[in-house]
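Note that subunit A is present in both complexes that follow, paired respectively with subunit B and with subunit C.
Moving on, here comes the complex of A and B:
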């Protein structure tokens, strides 16, 4: 199956269109080795390293992809599109604007935007994306989301490491969906048979900039913080909501993307904050780890308000700015250990 | 050639000078605006709004809403050298060292209730913003609207990336037009103020006239010697930023233009003709706490004669005689401004300016606060140097956070750049 890659800063790209066009939607997440050297020639070091690593991977691997789309999320998407245009070799580079807002005007615009993308794909790849194919794609997408929802629930009751959870999500957003479904089904069997949630671990909610490498999940695991809920895009944001099926396919897709717990890059921020607050109020959450990758402004702006909100409900919260590196930052480890001590005191 | 000790201290010798007499009258306009802002604060039936530079301020004037401009006030705080204290206040609330210093200056200015004369700003009836230039504009106003408990309106402006097709541009424009009418409804619901078509047409007419005058002033900056440098224009843009629809502003620009024309007729410049050695283009927001930098460049015979930043505020506006055309023109200007051109348009624009304004060198302010405007600068630099053989100095700084300005380092970099300019110019003259 052919691969079509996309860069969206959170969960903004309507991958169902690519599924419907019989290609594999591959979310660009950078290479495992954290490389950014090629991209560093074009993007200043004080711009988030996630986006730089995506460009780096694209410069190296674009020949494996039929085309690339960038969906608007944060400034990195639209501003760096032009740099991709200059330096990434591809036959098809497309930009789609996922609206900032969710009102009726935005909704109508997004429908037109998606239709325009379909036309561009049909014309470039000489294909026809039928309504049936779109409906099937929605079904497939929903099937995956339901499987992920069920798996996610197991995090609260079973011994599932942070990295295992991340790996499942990463696999899901990068592989052909017909491979993903049996894969998730087998994971489900495995996770159901796991031991109960370990007593020495603290169940936490993880929020902030997207995490693209398992290293950070490992770090949390090492200090006994177990991520049982999150609102990351390679996480719950991707599957928290199902795509509605009550209107025509394009409207359904639009309604879905405008009604998920959108990230800090969108307006208003209430859905994101409410999502976190609800989870903290309804689940057994011991604390919240709010983190941003250095220079991720949109999430950085929301961090103080989120902290105040959580403190108001007496939820322990730590905010961290992390570097993009293969090495564990000792200072961050120490801060996390201090946070764990606080949770221990709370427990007693 | 190595600079001797006399030249090496040039960046700190020249005093602040206003080159044009008419420019000095800007303080009267500023005072008038500040007085109005103060009066507005105390009269409950007067309505005001915060607006960002990504939006045409005519939107507010046309609705009889008094515009307050946090970015403008942050510049004032920077120029009055109080911004650091305000920034540190915002950082103490948890705002990262890495986020835009305009935003943090505003948070500090508002919380500390500093005087409008040094960048203070009053609580508005609502805030309006857009994401066309940066995410910060949206995030900043989301935060402040919530903290002040006032309504917010956000324009969603899609980006014209490289290669955007004509049909996409039309789709984007239609989207914006719908939002402009939605904004009118929002203002009516929030403040009771209705759009007065006759009045808004007058505002647009004055605004178009103001931009025409600005364009004419810019045309004269092509002359050698250049009659106006950045040391003047960074203050001159005030009417374009805040008072574009007013007769007062037109009068100010008419006087400015007249004086510029006189200068040109007499062959006079901001520097004497024999002193003007290097004509520069400056990309980015100036370092407001270090305005004398632009005066001091003149010690090297260098004059900044084109800035996309100041040009953008007065980019040409069509003369319109009905609401529909006016809204249409506004939507177009919200989509495309030199300050946020995509990379290919930006490169073409720079090349054009460099030729038309006889530019010898380009200063690119890699502004730590402004990630979006810095994206693409490496390509821009490379293209200018490679395709036109024009030296480019890219320096890292910040517009209101003085912690980012290394005086010694800056001096060294400017001096070596002047040497490079010297060599490059003599090479080009050899042809």
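Moving on, here comes the complex of A and C:
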């Protein structure tokens, strides 16, 4: 199966269109070795390192992909399209605009955008994306989301490490969906047979910038913080809601993407905060870890508001700014360990 | 019962021997490059100085930047946040807030007014501005010993403004002021005001209230205390042995955990 890559700093890219066009939607998450050297020539170091890492991977690997689409995940992404256009070798580079709002006008705008992308794909790849194919793609996507929802619930009751959860999500957004479904089914069997949630771990909600490497999940694990809920794009944002099936396929896709858990890149802040608060109120969560990768400022702007809301319900929260590196910063580790000591103190 | 707290900081390692919760001995040395070696060396020395053997020590806790480096020696570790909170309470039981400025990091800790437990904290970002390292770089730029920097600042009549965001830029600014003929006293005062501004922003973020303990090696510098008090418009309490507060806290936690059957 041919691979079609996409650069999406949240979960905005309608991958169902790519599934319907019989290609594998591959989410670009950067190289495993954190390299950004090639991209550093074109994007200055005060821009989010994730974005530089994605560009680095695209420069090196774009020949493996049939084409690349960029979604308007955040404004930084928007401004980088021209850089990709200049420096990434690909036969097909497409930018899809995602609306900021979710009202009727935004809905009509996004329908038009999706139709334009379908037309562009049909024209370039000489294919026809039928409504039946779109409906099938929605079914596949929903099947995957249901499997992930069920797996996610097991995080609260079973011994599932942070990295295992991340690896499942990463596999899901980078591999052909016909491989993903049996993979998730086998993982489900495995996780169901696991030991109960370990008593020495603190269940936490993880929010903030997207995490593209397992290293950060390992660090949380090491200090006994277990992620049981999150609102990350390589996380719950991807599967928390299902694509509706009550209207025509394109409207259903649009309604889905306008109603998923919101990122801080989309104003207003309220839906994002409500999602976190609701999880904290309904699940057994000991604390919230809010983290941003350096220069991912929109999450930093939200941090004080989030802290106030969480403190009002006596939910401990820590906000951290991390570097994009394979070396764990001792100061970050100290802060997380101190946060765990604070949770231990609350427990006693 | 004896307990030991070892605070392995980025610049200095401090060790405290306590007996039944009272300070019996304190020692410190530069941390240099081998945290394990310096921690072990100070531990052996404090035992020798006090005619003790390791069997006499009920519990040993380490804290600080290199706290994980001496796991063979210690029974457990504790972060600098918890250690400083406990250590400050040893001298001032009703403390509500703590400002600790060490060699590589600075932190502000907020305590619950009723339970006196840690409820919030802030640490500086990965940056030397607002830390002891900043003062060291500035003392080098002024070509004076670090010990003299505080007293020099106190002689200033007209402090200059210096960037509080970056040590490298601040050093360039200092050199620029030299070129303009600014006297060292005014530059030194500007340096202290700069560090105070940086730390005050962390204090304001979590809004700690008096009584506030100021500790860490930098608390030995009277000019930083005055600059912070002026910036925050409140009084700071500097305990005896401010640079040992983390080690004292670690030794006290070691004692309390042992008493509760936990190592």
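In this section, the second predicted complex is superposed on the first by the 348 of 348 C-alpha atoms of A that agree within 3 Å, B and C clash if a C-alpha of one lies under 4 Å from a C-alpha of the other, contacts with A are read in each partner's own complex, and residues count from 1 in each chain.
Quick note on the criterion: a residue touches a chain if its C-beta (ideal position, glycine included) is under 8 Å from a C-beta of that chain, and two chains touch if they have at least 3 such contacts.
Since the model is a prediction, treat every value here as computed from it, not as a measurement.
> Examine A:218 and indicate which partner it touches, taking first as subunit B and second as subunit C; both and neither are also allowed.
neither
> Give one of first, second, both or neither to describe whether A:159 is in contact with subunit B, with subunit C, with both, or with none.
Touch partners of A:159: none, neither subunit B nor subunit C.
> After lining up the shared chain so the two structures overlap, which partner does A:345 touch, if you call subunit B first and subunit C second: first, second, both or neither?
The second partner, subunit C, only.
> Please indicate which partner A:321 is in contact with in the superposed arrangement: first for subunit B, second for subunit C, both, or neither.
A:321 sits against subunit B and subunit C alike.
> Quick one: subunit B or subunit C, who's touching more of subunit A?
B
> With both complexes overlaid on chain A, does A:331 touch subunit B (first), subunit C (second), both or neither?
Touch partner of A:331: subunit C, not subunit B.
> State whether A:264 touches subunit B only (first), subunit C only (second), both chains, or neither.
first
> For A:61, decide between first (touching subunit B), second (touching subunit C), both and neither.
A:61 contacts neither subunit B nor subunit C.
> Just checking: does A:135 make contact with subunit B only, subunit C only, both, or neither of them? Give me first, second, both or neither.
The answer is neither, since A:135 touches no partner chain.
> Touching A:167 in the superposition: subunit B (first), subunit C (second), both, neither?
neither
> Overlap the subunit B and subunit C contact sets on subunit A and report the shared residues.
Common interface on subunit A, subunit B vs subunit C: 321.
> Sort out for me which residues of subunit C touch subunit A in the complex.
65, 78-82, 105, 117-119, 121, 123-126
> Touching residues of subunit A toward subunit C in the complex: what are they?
Residues of subunit A touching subunit C: 321, 323, 329-331, 334-335, 337-338, 341-342, 345.
> Per the contact definition, I'd like the list of subunit A residues that touch subunit B in the complex.
41-44, 46-47, 72, 74-76, 78-83, 85-86, 93, 95, 97, 99-101, 103, 105-106, 108-109, 112-113, 116, 264-265, 267-269, 292, 294-295, 297-298, 300-305, 307, 319, 321
> Along subunit B, where are the residues that touch subunit A in the complex?
93-96, 98-100, 103, 131, 134-136, 138-140, 142-143, 146, 152, 154, 156, 158-159, 161-164, 167-168, 171-172, 175, 178-179, 182, 342-344, 366, 368, 371-372, 374-379
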